[in-house]
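See the structures that follow.
Below are two complexes that have chain A in common, paired first with chain B and then with chain C.
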Partner chain A sequence: MAAAAAASKHVDLKIVFLGASGVGKTSLVQRYANDTFEPTQSTIGAAFTLKTWHGRRFGVWDTAGQERYKSLSAFYCRGAGAAILVYDVTKADSLHALDAYMDLLASAKDGCFKVLVGSKLDLAPDAREVTLDAAREYATSIDALHIEASAKTGDNVMDIFNHIGVGVFGFDAMTASANGSPASTPTPTASTSTVRLDDDSAAKSGSDKKKCC
Partner chain B sequence: MGTIEDNPFYQEVTTRYAHLHGHASAKGYALAVPRASSLAGYVVNEAAVMMHVLMPAASETEFITMDRRHVTLDKEHGVLITGRGFRESRSVGIQFEEVFYNADFQPFTIFCIEEPLEGGLSFLFATDDDEFESGGASGGADGSSGGEETGCGGAGDGGSESSRDLYTLDVFPITHTYPEYVSLLTRLASASLVGSIVPALCEFNQTPINPQNNHAYTVRRLRALCDATLTELEVSVDGIREAIASEPQYQVQLQVAVESFVLGGVNTHLFAVLCQYHARQERRVQAGIAALGAMGLDEMDVRPELAGCELGEASRMVELLRECRTPLEKKMVVRATLQTITLAVETHLEAGAEPLNADDMLWLVVYVLCRAEVSHLYAHVVHMREFTLYSASLQELAYYVASLDVAVAFLAQRGGTNVTSDDDDDDDDDVDDGGVEAAAGWSAAGAHELVNQSQEAVARDAAVTT
Partner chain C sequence: MDWGQARSRVSRGVHTALSLDGAGDGPGAYREYLRTLSDIAVLLSDAEAHVGATPVDERGATLKLVEQLMFFGGQCMERVQALALPHLTALPHVPRPAAPRHASSTVGAGTPRVVVPSAGPAMMATVVTPPGGGGRAAAAGLTVNEHHAIMLPVLQAQAQNEAMMARLRRRTGGRGGDRYLQTMRKAAENMAIARKKQELLTAVLFNRKKQAEAAALAEADASIPGQMQLFFGEDHPQWRQFQQWKQFQHWKASQGEAGGASGSAPSTPTQGIVSTAQEPALPSPSYKADRNNPYADEDAQWCEELSSAGDDVLLVHTHLARVLHLADHPLGKMLAEFSTQFAAKYGATKSSGAHATSESEQASEASLPQAVTTIQSFVAQFCESILEAYPEVSGVSCGADQVQLTVEEAVFPEVYAPLFRLYVSASAERDTVFRLKLTTQLNELPPSAFGIAPRFWLVGGGEGVGPESLAPEQVQSGMLASYAKVISQFRLVSEARSPGEKLMGLVKASQVICTTVEDYYRTHPRDDVDGASLAVGAEDLLPLFSYLLIHAAIRDVWAMSAFLTDFINEFYCMGEEGYALATTQTALEYIDGFGA
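This part shows the complex of A and B:
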């Protein structure tokens, strides 16, 4: 009966991770699955995670990242309400490799909320290849929010999902809920699917946890 | 209990289709007459009659129907077994056989059988009290008069248990099997009310399916059937509206139950069409399996530490697809398969190893499919993906289906390079592999074809979900 109950879980928001192989998608999913106050209800390794965010159910889908399977990722994107596009801040090529994934989002929901995530932020001080400006410009071009995060340290990982939750469901969804204890309070947004955060000082500060731009 | 003369099928044969009856009796052909209760909603038309006229064939136990299908008589077990030409092999019990005589006093046999040789939904409402009475002339079993739609003869009300007691969410866990859903709905609403949808299901089963537009038209027809059933339930059964108002989840569960009821009722007809329509893609999938079947995990594109993973149980699990009637049942099988894979991997990997990711999963599912004996994989995927009428929001199940979808698409692409031109000469999108993609049997162009098929369904999915 427990298995049956798990299978019957409805998902309020489907989130897909997209990005080239090796950029750290799986690690980010793992960090999110294991490191939040909200319980993880179901996982298939790191390939699928079902969690609650302030009473809303997020279904987080990892996708195959290898180049030759890229087209297959469209199967995972069907009906996605949010997409997390991941690049590696230490690999310049990984940012523009995301161009190829944008077409796949045609099968996502209209107005799919996009977040561009620079991963491996912990390595940025010594090995950064993608500047904040370049990433920000790219995010603008694809109508996405930009965040840098580290699965290793956990920096900003929760913020990715908090921003998505607020961006999709509105700020009220977070404030109205007594459940959970978010790591930070995202900027309130309008009901549009695109969020712009202007926090340059935070982004440029290596010690600051908020690196949204 | 009724005589053969009371049987609506027989009445139709001897009146509206008297020419067929006259021809069959003159030639000494046998006639199979389904019992009355099995005719709930069954359309007795000329095609149905011709399907039940049995002409002698190579031996005394073999027959060919007037529409050229094959039937075998198993005397030992007292059954007629349908064969070539029928959508499924069905073993139909013979209640009794009776010898009649034509105008020339030549004998011809009538087999009184448990259900139609094809079509019909008697398994839903079979009872023990509606058998023919051989000879005699007692009252008709269902009193129906053999029109186009015969109603629900034989469906008892099944309502000894208070239906109000069943208005709890516990009776509608969303992962029931098809027979369980039939039972639940029948207990909830009474068999006669649930059975009121049967004529529509029978009509669906006896009309051609147009698979164009990625099955959109068929989906709309089935969705309309479900909507009508739900409306009838809400209007006719006390308490349902109140239950829905107090607990929205109840409505979802009721929808899934009705969806399973409808899709289970049309499964044989629908799935046969899916298999036929997607035969070309299935050839590609099977060619892909043939190409990759001999490869071990260590030869596939998985991490070395996964190479020794034991996945035999997962292959046996996915073979259960063959026994499923509804898309929901199939999704549960796929879910169990992927969870078995996950468990096998987690057992195999050492602590601290990188967890299973989507790249791994693709190859592991491909490996499992290559070792399972499941035909019509492509049709199964389409069945699950396209014929989800209300349960689209069960996204956890959607993940499992997508994983299978990706693996089958991958196999189809791999097999696309191996299907010969004779097998696949109508393909204009065959593969132009090169470099690394050729090594993996992968074609982006072919993938886009498959992806486009998937994307066409998105708009409809969105409409269905809302």
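This part shows the complex of A and C:
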């Protein structure tokens, strides 16, 4: 019955996290998995997560960044429609450590949507080592979108996935699901929710989010 | 327009605002920022017209200015948000937003306050902000003009809102009331519309970029055969495999044409390509209504149910899995014929693991690619045939995928023994060395040697005694006892007889690792470990997986890995099964190179 179980768990978009050890990949996955109201299915701990985004199923693949696992299997990237390359804004080495993953990314889908994410943004005011200019330059060199985010505060974490969703499926994917399909459960995400000044629900979701930290 | 002066004006505005901010005059600085933003919006608008009217090679200076303006715009926007945030909680009817980047802003020092919504997150996608600011993103890979186009709607909305607020301040003299709230809502709507425009533009620009890339790739694809031949050489197996695939494609195309004319049943796709065996003829699409099919009525009823199945893939699986095992159903009959012929052709090459002779290894290596192609071609053609015979299946969501998975689940157990024997022979040397390494070097090593954090050792010497203080052999035995279920699960994988079942076994092993950790901390709480929020990410999973794989000592593990790599369904590559295989392969590579 393995076959029957599998077909009902199809994945529309494979998203792979890449980056050196300790940059906070797993924390970003967890923050994303736990912070929205849309269904999450953590099937292999925080290493592999299924997440619904406006009716589409994202398969989020975490990877190990330790030096000892430098020969990661090409299967991690095979068929990936999006890649999130994570560096730590407080560790300059972590940005250029991403060079090691470029060969692996060759096995991703053609036109794989890349996002360069600077993690630990909450520590940036005191300990920033990677400047925005350097990160942007690197992002341009690998044809990636650049975002800085914090798994601790939740800043911009949702944006990463919203950008990927819109970049891969187009803007229509968001508007279509907002027109009454079951996947239109409101989410306190950055680019999908409009903060209405008279809307209590937005504030409620915002305060819930704060508590998660 | 004098661009030098324009730039100085904006730059002065930003510096004034920054100095006001430093002096602690929040609302004053806020007004200054908004004024500067309005200036920027106007300048950008002018710049757009100017750029359009300038020849391409003379646009450099203007484009540079546009980029600088965007930089200043980003700075202003960040500061506006930072200044506005402290005032938000003082407003009785305005709920505090979710995060700083959603912040509304308060204008004016007196009461009542005026709230202006900030640019919001979409703005962040395109502006450059100074270090230490809030959230931001830059749409890298776009030209300055494209950046500008994306940014303009929000800047214009911001300027419009500012003008609206200024009018309101003039009219009410700072007293406000309900009109403030109405204006605030209007401002929020403006900004929401601007943000949607911005998102739409971003999507359009990215799609255009992707289309251009796809066109370039399609062009590159056309020259792939030439590149392959150049790279591999004519005698290389990869090149020969490519030629075979091409022949297969030609054969399929010719069968499609001939089949349409004669209506005859197509013969096996592999004939004359890689296999000389007389393989079973695939059924024609009309066989389901054949008098010789004793299950024709059941098939018809199944098709009827499929028409209204929606996304019930289980319905596809149940009937198909059943008939594939019925010796008198055309599908079952054909599967049985194929497996008999496959065994007759490939079952003759016998060898067993470490005892394989070099001759038999060579023979296996030679026949393995043929066997793989034979099975892959058969499965592909068989599925196509089923989909053609039962078009209702394609109407079910994921129906075609389900057919392939079900067919594979039925085919592989039938051909597993001779097929896997070929893999064992081909990987015999590697598996022997690997096994030797496990028994002589690795299985005595403590978990710390593999980089497993002590919190995952799941051992403890009682109250106040941490795992680090235990003797290595105590850690080893305690840990293996805690993860005993995982080791059993690993051993079950080698007994599975299809790629799907093996992959499911690896997924279960990974899942059991995670649940074992959760269960342990539920029953053995520790002060220094927050069991409730302890999640096993990839960096924890891989060392654990490697360590337990060593202690499971699965037979012919490299053969299994190669078998799964060849036959994993594309459908599984995206999901947890693919993840489990990737983890297994990485763990094997790590173990193989351990100590090197």
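We take it that the second predicted complex is superposed on the first by the 169 of 213 C-alpha atoms of A that agree within 3 Å, B and C clash if a C-alpha of one lies under 4 Å from a C-alpha of the other, contacts with A are read in each partner's own complex, and residues count from 1 in each chain.
In this section, a contact is a pair of C-beta atoms (placed from the backbone, for glycine too) under 8 Å apart; a residue touches a chain by one contact, two chains touch by 3 or more.
All of these numbers come straight from a predicted model, not from anything done at the bench.
In the superposed pair of complexes, A:21 makes contact with chain B and with chain C alike. In the superposition on chain A, A:11 makes contact with both chain B and chain C. Touch criterion met: A:109 reaches chain B, while chain C stays clear of it.
Residue contacts after overlaying the shared chain place A:62 against chain B and chain C alike. Look at A:147: by the touch rule set out above, it reaches chain C but stays clear of chain B. In the superposition on chain A, contact of A:78 is made with both chain B and chain C. When the shared chain is aligned, chain C comes close enough to touch A:167, but chain B does not.
In the superposed three-chain model, the partner touching more residues of chain A is C, compared with the other of chain B and chain C. Touching of chain A by both chain B and chain C, each in its own complex, is seen for residues 1, 3-11, 14, 21, 25-26, 30, 42, 44-48, 50, 59, 61-66, 68-69, 71-72, 75-76, 78-79.
Every residue of chain C that touches chain A in the complex is listed here, in rising order: 93-102, 104, 115, 117, 120-122, 124-125, 128-132, 134-141, 181, 184-185, 188, 192, 195, 199-200, 202-204, 206-207, 210, 213-214, 217, 311, 313-314, 316-318, 321, 398, 401-402, 405-406, 408-409, 451, 498, 500-501, 503-504, 507, 510-511, 513-514, 517, 535-543, 565, 570-583, 585-586, 589-590, 593. Chain A contributes residues 1-11, 14, 17, 21-22, 25-26, 29-30, 42-48, 50, 59, 61-66, 68-69, 71-73, 75-76, 78-79, 110-111, 116, 121, 124-125, 128, 131-132, 136, 139-140, 143-149, 153-156, 159, 163, 166-167, 170-171, 174, 188, 190-191, 193-200, 202-207, 209-210 to its touches with chain C in the complex.
Against chain A, in their complex, chain B makes its touches with residues 173-175, 252, 301, 332, 335, 338-339, 342, 345-346, 354-362, 392-399, 402-403, 405-406, 409-410, 436-437, 440, 442, 444, 447-448, 451, 454-455, 457-458, 461-462, 465. Here chain A touches chain B in the complex through residues 1, 3-11, 14, 21, 25-26, 30, 42, 44-48, 50, 59, 61-72, 74-76, 78-79, 104, 106-107, 109, going by the rule given at the top.
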